[in-house]
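Next up: the structures, one after another.
In the two complexes that follow, chain A is the common piece, with chain B as its partner first and chain C second.
== the complex of A and B ==
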């Protein structure tokens, strides 16, 4: 363990902890933009600059390991001016899109610009045009001018998903996030979920809603037994998006696969069954749950009485949760009384 | 600013207007490129210099900013956007459209670059813009006030880094290290392969001049550049990934190469990629030269080298092993046998003696270092007794003692005439040898071999030495202490004090010139040794420089390949602009050991792992174990990415460099 003093607060942190982590331990917030806990820090946005006693230049808190006895200042007029300049420079090519941007209301850039009271006029470049190729996944729309090039998407794609199909393309001012030749995107949306601004947006559902308009309903993904946690964004009783905003939540820590993140539209489909159907006079008719379950129970009982419990077999689904699958095998064994139970994932 | 002489280079401001510079000669950096082209002005990581009024600092800064926009990696905000804002402001000024706030913008953003940019490209460029505004504010204000156009100059830009500049092959170290940090190991290897065809080899045994010029050592120890290279090379091997190399078709002229050492292999590697039909003649049964039969297997497993040589052969190169030029193939076969160019890369394969009485008469127990190592490497029998004395202080001497231990000597002593501090051998190697139980006898020198009647070595007479005045190398000269001679008993003596160049394959009348040490004379950077009936004879590597290093051999081979290409395409030899700039950059000394880098010393270099001594001295198994992924990424993350940009304004006539003659 090492001792670090942050703005006069002494904290003890493990060796190897960054200055930012030490500050978090001390309960002191340092503004960040490119940093994200689940990714390796790169120190590229330069928002998190702090002063370290004995160092002639400001250092970035997110990627600099703290040292024993280190004395850190996280706030001064000079540091604030440096942070403001980062924001001013970001605004040089950032469009005034907030009113039409998906991210408005939960955008890190918007929040920081607001916090630091920065306006767009300070610096400027000569106008320029550019063509940027389409994004690597059809489910995601890219808005290159909104991008702050924090590289979170790049790191998430490589470090979390092990894919590495996007990178910074071109140089300097003309850089943008583009494809890595020869590496295919799996459309998992990891990049989308970590983008701090509205540079990557979900292009599945046309309906948009501000954060305060749609309700975010936490639920478990129904596609497989991993049990990923996600949020259904529901507007007027209709699912319009899936998001993951809690990166500390097990088991998936904000990550999803293509199905969980983008494959939910069946929920809104008109053909989807919403009530149980029971065949009456050769035709499937809507019924109540009591009626339907009662019928199934009766039939199962009849089979069991006539042919024995082993005449019944149960096949469960990978699209149920672990808990549901557990209950199902319990039901087959304890209630029906057979070991004939299996799971579609084995087929 | 007609004839203002100015320099802010080297931490000192010289200005003819303030009387601190009288003439162009006061500027503390070389005024001409190594090609002879004089410079009018220069802008770089340490400031700017103007030797001649025709160089306009404002336009130089505009072009410099344009360079920064081009080379900025786009990751950090102050540089990605700041460079463009600066460039646009300076462009406006130069075009007579400057605005009153432009100077303040440049000044402020230059400061942001210096203190806030992520890497040293942005940081070091900031200094030049700051110096411009500080020292040429009046000129800037005047240009804006008068809306006057600033005349445009012609410039050359060069990107460098302290480590990159120190590497003879100028590997793009900051890029390959950064790719490791990002987990892009194969991409990193691809970058290395652009300048180095033996990454796994060099990653194990390079003498690593880069690390001795790494800025991170000013903070908390150099980036482990060598072992990182080994890491990515091993990554490809361990996973059996197909190497990313081109498949060229040899549709151009035939070129002959003598010697499949590092220089010869490197030349073949580039020539094959350029489409030449290359044949390599090698006297030994295998590739690698001294890297195969000099460097012992416990430092460099032979199969690593063989595999890397195979990859070069796969580019379409024919290698004829066991073919001694001068015996199996004649000089005339080369220069009259249809080859349009010949590259001589014969190295320095002869061991040298002790120059002490007795060695001529020794029948058993006396071996020259290079011969001993070669025989062991080729599996030939060598004399093995109980005690061995090796004489010398370089890496070859260390290789001999450690090899001696492994072939079965029980007590091995290294005798060196100076002290440990003066030993040219790598400190790491010395430590490894000590750990293996080698005895070191410093400040001793052999004066005579002691033989029995049958010519067997019985011992060696040594004289004690003391250090006197420094010699031309700066090291204190060892002087013998009269009367201090004594005999050290031993069964074998190996001098490891140098290798000599063997030019026996050249006929008397060959127009290739060599100096008294047999070093082949070439036209500087051009590597041209002679032209024989239109066939260009080039040479590089140890046979030109004297015994040097693997990486220098690789670099020489590469440079020769591009010269051969130019010779065959354009029928002339002329150093490539890139090399001229590399040489000039080296003269500017991009690494400053006294620099305060300004970041806290809170990391430490990753440590390589060693096989335990008891195990490793049993045989020739590799003694070191490479980094894990985590170690490699952690070490790569310590890199400060010290790219630097240099802009020079050459005298306009000097532009003939690329087109001259």
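== the complex of A and C ==
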């Protein structure tokens, strides 16, 4: 353990902890943009600059390890001016998109610009040419001119998903996020979920809603047994998006797979089966539950009588609860009388 | 001897002379008023509660809808309260303050003119209405030039004004201040010495100084009873202490004197408007406090930093520091106060209005007990109430 003093507060942190982690321990907020706990820090945005006693120049808190006896100042007029300059430079060619940007209202860039009272007038440049690019996944739309090149998406794709299909292409002023040739995207949406601005947006549902319009219902993904935590964005009783904003929540820590993130359209789909159907004269007709279940029971009985219990097999689903799966195997074993029971997760 | 029985009569809520949906339950002994109980709430919209669900900026529009004959003054009182809460009173640009005074006084004259016309009409002097509404229309047109709206401008904003006044406003205002005094003379010609008018108003609805103070009555009703109490003098805001004007008062506090006081107030307001026009400084009309006031609209179309500031302020609103504040202004009807409690969020935790009309109305029975039914109309008119503010 080492001792660090942040803005006059002394804290003890394990060796190897960064200045930012020490500040968090001390309950002091340092503004960040490119930092994300689950990703390796790369110190690309320089919002988190702090002064360290004995250092001639400010250092970035997110990727500088704290040293024993270090004395750190996180807020001063000079630091604030440096942060303002960082923001001004980020705004140099940022489009006037907030009113039409999906991220408006929950955008880290907006929050920081508002907090620091920055205007862009100090620096100007030609606007970025906006051609609608084809991103690596059809579920995600890319807006390169809104990108702040924080590199979160690149790191998330590589470090969390182990895919690494995107990278920063070109350099300097012309850099953008582009594909890595030959590596295929798995459309997991990890990059989408970590982007602090509106440079990557969800393109599944045409309806969009501001954060204060749609209700965010925290729930558990129904697709498999992992039980990932996610939020259904519900507008007027209809699911329009899935988000993950809590990166500290087990078991998935804000990550999802393609099914959890983008595979929710069935919820409101008009073809979704909501009532039992029974085939009569070659055509599926709506029936009551009693009628449908009666038919199933009768047919199962017939099969069992004619061919024996082992002629029947049961396949259960990871989308059911444990209780339902328990009941199902019980039903197969005790009622039907067969051990032919399996589960989709074993396929 | 046959027995007599008091009769209960409902005056209102649909009665042209109750100035809105007011119901007064009258207990009458023949034609004499025994009791008069105002029943309120027909126009209750839950305005104060509603304001607690709005950001500070959004809540402004609700203030227009209280006393809609003095909307700009309602706006002003509210904005002053929020500015006090935020501690930005010193940052309001001078031009905004002078324009605020100018608009508020014009609004006061318009409010008094509306009162004059309808009050006279209630008592049977119809001609006055046409005269008063002619000048009121001129003011409303001017206010429309500036604010874009006739009755509900929401024009005074936290930090200043929504926009600067166009040049045409200053021309019109100059002409108007020249013209109005002679117009007030005309109204006086029609009423002040008019025998019928005096018979209907003199000695009617008297309320003494002491009673006024007990009832917390404010505004022209209080001043007509002889109390020299005007917040613009005793608790000045917007630099009223630097303007030269008098506070007209009466002596007996009857319906007639309330009439005289309001007429004299119009003449004083004109003096204030004139002085405001003379000293109108150049400069911005909105303070520049990035976390609170919106940036100039032109910059929002050009500068992403300003666009973000605008977006954040308009969608989420600013956070006010924890605490509470009371701020009151002299509205056309009396002391209009706002008590705001902030829990540190973007919305007022409590939004409470001290309404002059609501409080002045409480003395109605005191004023008309033992008088004739017809006097009820004269007295209600002389109180100058607006139900939008009473019921809120």
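Basically, the second predicted complex is superposed on the first by the 275 of 347 C-alpha atoms of A that agree within 3 Å, B and C clash if a C-alpha of one lies under 4 Å from a C-alpha of the other, contacts with A are read in each partner's own complex, and residues count from 1 in each chain.
Please note the rule applied: contacts are C-beta pairs under 8 Å (C-beta built on N, C-alpha and C of every residue); 3 or more make two chains touch, one makes a residue touch a chain.
Please read these numbers as outputs of a predicted model, since none were measured by experiment.
Room for both chain B and chain C is found when the two structures are superposed via chain A, with no clash between them.
When both complexes are overlaid on chain A, the residue A:95 reaches chain C alone and has no touch with chain B.
In the superposition on chain A, A:105 contacts chain C only, with no contact to chain B.
After overlaying the two complexes on the shared chain, residue contacts for A:117 are found with chain C alone; chain B is out of touch.
Of the two partner chains placed around the shared chain by superposition, chain B is the only one that A:173 touches, whereas chain C remains out of contact.
In the superposition on chain A, no contact is made by A:331 with either chain B or chain C.
Between chain B and chain C, the partner in contact with more residues of chain A is B. Look at A:70: by the touch rule set out above, it reaches chain B but stays clear of chain C. Once chain A of one complex is fitted onto chain A of the other, the partner contacts of A:212 are limited to chain C, with no touch recorded for chain B.
Superposed on chain A, the gap between chain B and chain C at their nearest CA atoms measures out to 16 angstrom in whole units. Partner chain A is touched in their complex by these residues of chain C: 290-291, 295, 299, 301-309, 311-312, 315-316. Those residues of chain A that touch chain C in the shared complex are 87-88, 91, 94-96, 98-99, 104-105, 109-111, 113-115, 117-121, 210, 212. The part of chain B that touches chain A in the complex is made up of residues 68-85, 88, 91, 105, 108-109, 112, 115-118, 182-184, 596, 598-603, 633, 637. Those residues of chain A whose C-beta lies close enough to touch chain B in the complex are 40, 42-46, 49, 52, 54-60, 63-67, 70, 82, 85-86, 89-90, 92-93, 123-126, 148-149, 151, 155, 158-159, 164, 168, 170-175.
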